[in-house]
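Every chain is named by a letter (A, B, C and D) in the order it is written, and numbering of its residues begins at 1.
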Amino acid sequence: MIYQQLINGLMLGASYALIAIGYTLIFGVLKLLYFAHGEVFMVGAFVGLYLVILGGANIYVALLGAMIACAMLGVIAVYVSVRPVAKNRPLAPLISTIGLTIVLQNLAVYIFGGQQVGFPETVKQELYNFGPITVSSVQIFILAIATTLMVVLWLFIEHTKMGRAIRATAENHETAALLGVNVNRVVLITFMIGSGIAGVAGVLDGIKNSGISPFIGLGAAVKGLIVMLLGGLGNVPGAMVAGLLLGMIEILSAAYIGTTERDFFSFMILILILLYRPTGLFGTRMTEER
Amino acid sequence: MRPIGNLASSVGLATVMFVMAPTSDAEAAKLAGRSVKIGCQVSLTGKGTEWGQAAKAAMEVAAEEINAKDGIGGIPLELICYDTQTLESEALKTVSRLVERDKVLAISGPCFSSEFETIAPQLDARLKTVIMSYCSAKPGLSAMSKWAFRNTLTSDKQLTPVVEAWVKEYKPKKVVIIYDAEDAVSKAEGAIILPALFKKHGIEILDMLTYRTKDTDYSAQITRAKSLGAQGIGLGSCYQNAAAIAKEAHKQGLTVPIIGGACASAPGFIEIAGKAAEGAYMSTAAWGDDPRPEVQAFMKKVVAKLGGKQPPYSGPRAYDIVFAFKHCIETTGVTNKPSDLYSDRDKIRECLQGLKKFPGVAGELTMNEVRDGVGVTAILKVVNGKYTNIAK
Amino acid sequence: MLDGLLDGYTRSLLIFAGINVIAAYSFYAPFKTGQVSLGQAGFMAVGAYASAVLTQKFGMPFAVALIFGGVVAGSIGVVVGFPALRIKGIYLLLLTLGFAEIISVIALSWDYVGGAQGFRNISFNPFTLEYVIGVIVVLLVFFARLERSSLGRAMDSIHQDETAAEVMGIDVVRIKLLAFGFGAGIAGLAGALYAHHATYMDSTTFSIMLAVEILMFVVVGGGSTYWGPLFGAAVLNAIPEFLRALREWLELVPVEWTNFYPVNRAYDFLHDFLDFENAKRLIAFGVILIVMMILRPDGLLTRDSLRWLRLPRWKVRHA
Amino acid sequence: MREQVARTACLSIEGLTKRFGGFYALNELHMEVAQGHIHALIGPNGAGKTTFFNLVTGVLPADAGRIVFNGQVVADTRPSKRTIKGIARTFQNIRLFPHLTAMETVMIGSHCRAFPSVWKALGKAVLQRPLGEADEERQMRENAVELLEFLGLTDKQDAKASDLPYGEQRKLELARALATQPRLLLLDEPTAGMNPRETDELDDVITRVRDRGVTIILVEHDMRLVMGVSDSVTVINFGTKIAEGPPEKIQSDPLVVEAYLGEDVQL
């Protein structure tokens, strides 16, 4: 059973990782705890759902649509809750993004209702047996999409001009600006990328869990934060590994200890990391003092 | 206090008049005030959405029917409904708002056992107003206060015939139980009622697994159930989670029969679970396929209000509550004067306590000594994406 | 005392608003030293559960339980505050958030306090409003004194530049710890009051969203003066009630005045919107937060605006 | 030998070392500052002067070495404890409390003298005498009035610190440091950003502070000020001392001249 549970952990971890990547990118370039990220994830799931229902159940259309919609949402977020807010007060952008979180979540409640809605079956269900392990076509699909996305993103960050600009901005705004990086544009693009990935993660989550609700965002945001810290701020590969790690830990604790305790471990990890290893397990790209 | 005999005869009289749809009630004097206020607590958001929506629609249908005639005691019925969000704390807040600000005569609701269990202890000391639930099914709750009523059957009564039929069809030897540790009725079903019934039928319980209401990932539980070799799944679960669990089982290739308790039997279960719902058994406290024309007329109106959806049992039960209230208000000398509010509420309570064979769309209603409904119920099985009553 | 004047529902509204005011002060105390905590809801939970255990399981009177709740929450605050001293800003925010979540998991899995089913049937305290008012008055006097005292200035200085304050001989560690523990204690009081009025709570009662709301009270009211938390909590609690009343007045408008296009449309929209159920209320709150951060990032009340309004500040007798 | 030093030196530094990664910001520094002196610490940018201040005031922990202040080894790790012992400082890039008034700023400095413990501050200033002002508060206020007058800021006492012009912010920072009643005052580039007139004024101020019985360590780039006001000068480069002595001697030291080569400084 343990192998099967590890597969479950992998699935859960993949979605955590996707959320955390966006977080860590945004945190990197903006040094901002962007609370609304979980809600972007939720909006992505709903956009995906509606595209599936309206657009004739083509999952790729839904994924792409959710990605674009969420990238747009990221742009809106920048223009509404980041740009116009006073920069010299460290709390101000945090609170304005909390405001955005509340708005998005409750707009969703208002529009879609406060209940869980089913996500139609879009990937043909088939089961493959590998010895003691059973893997479903849905799981393979989710994992394939998530992995592809992560690899593409990693290549983008490491090997493109924009990727270098993002890394430079993450390390130091002033230096990046001196090197001729347009910091404002980098921030905007980072938000678009992070939000787009969160949107895809939302759709994948809908496929995986069969149901979505307007309230999935907050939990996702908190878990994404834990993964971000675990992986090291601004560290994209770190976030990927840490996401898988947290997914495994949660599934194993749910399977062998108890479901009510599963959150306990996540939050203990959060606290221990904050106190004893603030650079995360894999180091950080930030040079900032704590 | 009125003698019981007198009360019973007036019940009989009202019954006749209800069925014959009287134009006016000769016995009851015209009530004071501009309207009769009845409170209603419904869960329009959260895990109980469908239950609450159905109940609200049904009560509105009842109010429209009543007001289309002569109202209650000659004045219109005013239904004041609040959303409890399926949260205990919100249920408490709205009940005190109904009692203390809106000054309603009686309250229909709350829907959920968790909510009911939270309000009931406050009734004797503070609220002193009838609450009557149209969904709650956890055994033993109405006994908490003389003001607490339910016209539903408790879970144990609902599940007994369903488990029997389920076992007869699928003959499982080993099952797992999965339940929501945060929901009162689901926990009662998962931890107490289902194990007892399974034991009675000689079925081995492999494991009891829990989850939290807000959980969305059930892969760990299903993997465990599968590895243990479960031949059936007993669910103490509301429809949204139940459907997600059924789907997860389906995805992992665990295609074993499912049996669900009171909260699972909403149409939303089938809607969300799709194919995975097929063959599942559900318990219920009412089923609207009674061929009587008034039942069919009611169902038609409610289904129209719900946008074509069948209501779960909260619909018919909530509808009946409004008429039970109407009956008690009109027959016990309730005046509806603000100064008589407390005695009016008490009169309604006494009247409901003695309710026997009161006709309604969910069947005849009789209150037992602990103020829970008694009667027969349906057994629901999902066949071709529809709930079908397979009870004789 | 206030029984004759107010009906139960109004009392209840005032109690919840008052508890929010107290909770806002619980945030304000550590905030005065620059510590931003998202754990205040967690400390409320500690106070609520501790006091409810005392009244329900040991039959103690409410007054004792109230103080007990405050003391227990305060002590845990000091325990949490100690490691929290090492970190700042969003790290502290996350730490306190993690702490609150752990409290919630404990409340969820500890059956002695009701576990997943919630802590039910807590004895109802009929004098909660009087207690709430009493606590608020004490807090107001305390913080007014604090603001004009050397300790208060020392806290302000820590908020503005911790290193500089430390180098000026301010005992930053003790003062921050004191403020954090004190804030936790106040939150404990708020929790105890809540528990004995609501009579029910569970692991989700004191959630992240509540912690965010508490933060919002201070941010909207203004965190630089002791009037801020009171003002913020009062305003944000009054808005929904005010809008509800507005809707009732709206219904008094004669039909013929509004029965033509486009007035009927506007009327319907307004009428619909003022039915301020949860989602809409929260949307409005979110918008308020964003707009506030753009227009008045220091909150509605600042020391300057107080001077301008000439609200009473504590006058110091010059020697 | 050491006993003798302890009697005459206000501050004695023994083998002080600080590393940042592999880089030695200070390496085995030895230095003595005599009681009542104005002792200048100079060196090119990045020589370790500010690090020295951070180590002496406890803002950063030292990796090795001892700091002996008034004959006692300073072992406390916390800056506030050292301030209470009598070490005060100003910052290179002024660090005032922007929202406090000048008066309040100076009163912050005397807080540690009036209320040595938090409990006393809570008990006396907040809880006791609910309507009036504690004696300590009045004392602090009087002190502040005196210090503001000493630095010529009397008419600015109700202005917000952040609203003051640059030169006055420097002075306010100095007043705040003096309010802690230091025996040793560390001044980190007090003339940075000042115009010549303000610099001249500062010369006078520093001397007057010394005359109040405060030993001063001065880190400064303005050599005119350094050479004019100091009793002795220590020159460091790359974290090690390269010269020490009276100003006249330093000016002609070839090592010092070499260290400053390439820097636009008039020795």
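Rule of thumb we're sticking to: a contact is a pair of C-beta atoms (placed from the backbone, for glycine too) under 8 Å apart; a residue touches a chain by one contact, two chains touch by 3 or more.
All figures in this text were calculated on a predicted structure; none of them were measured in a lab.
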Chains touching both chain A and chain B: C
Most centrally placed chain - per-chain CA mean versus overall CA mean: C
Contact-richer chain pair [C-D vs B-C]: C-D
Reference chain D; chain at largest CA-centroid distance: B
Distance from chain D to chain C - Cα centre to Cα centre, in angstrom: 42
Mean-CA-position distance for chain C and chain B (Å): 37
Whole-Å gap between the CA centroids of chain B and chain D: 76
Chain centre separation (chain A, chain D; CA means) in Å: 49
Where chain A touches two or more other chains at once, by residue number: 109, 114, 258, 260
Residues of chain D whose C-beta touches two or more other chains: none
Overlap residues in chain C, where contacts from two or more other chains coincide: 108, 115-116, 278-279
Which chain pairs touch, all of them: A-B, A-C, B-C, C-D
In the complex, chain C residues that touch chain B: 7-10, 12, 108, 115-118, 120-121, 124, 198-205, 277-279
Chain D - residues contacting chain C, complex: 57, 59, 78-80, 83-84, 88-89, 91, 95-100, 104, 107-109, 111-115, 117-118, 121-122, 125-127, 130-134, 136-138, 140-141, 176-177, 179-180
Sites on chain A touched by chain B in the complex: 1, 4-5, 8, 11-12, 109, 113-118, 120-121, 125, 127, 134, 136, 138, 205, 208-213, 215-216, 219, 251-252, 254-255, 258-260
Chain A partner contacts - residues on chain B that touch it in the complex: 44-47, 49-50, 85, 181, 209-212, 214-221, 223-224, 226-227, 240-241, 243-244, 247-248, 250-253, 268, 271-275
In the complex, chain C residues that touch chain D: 141-142, 145-146, 149-154, 156-157, 160-161, 163-175, 178, 224, 303, 316-319
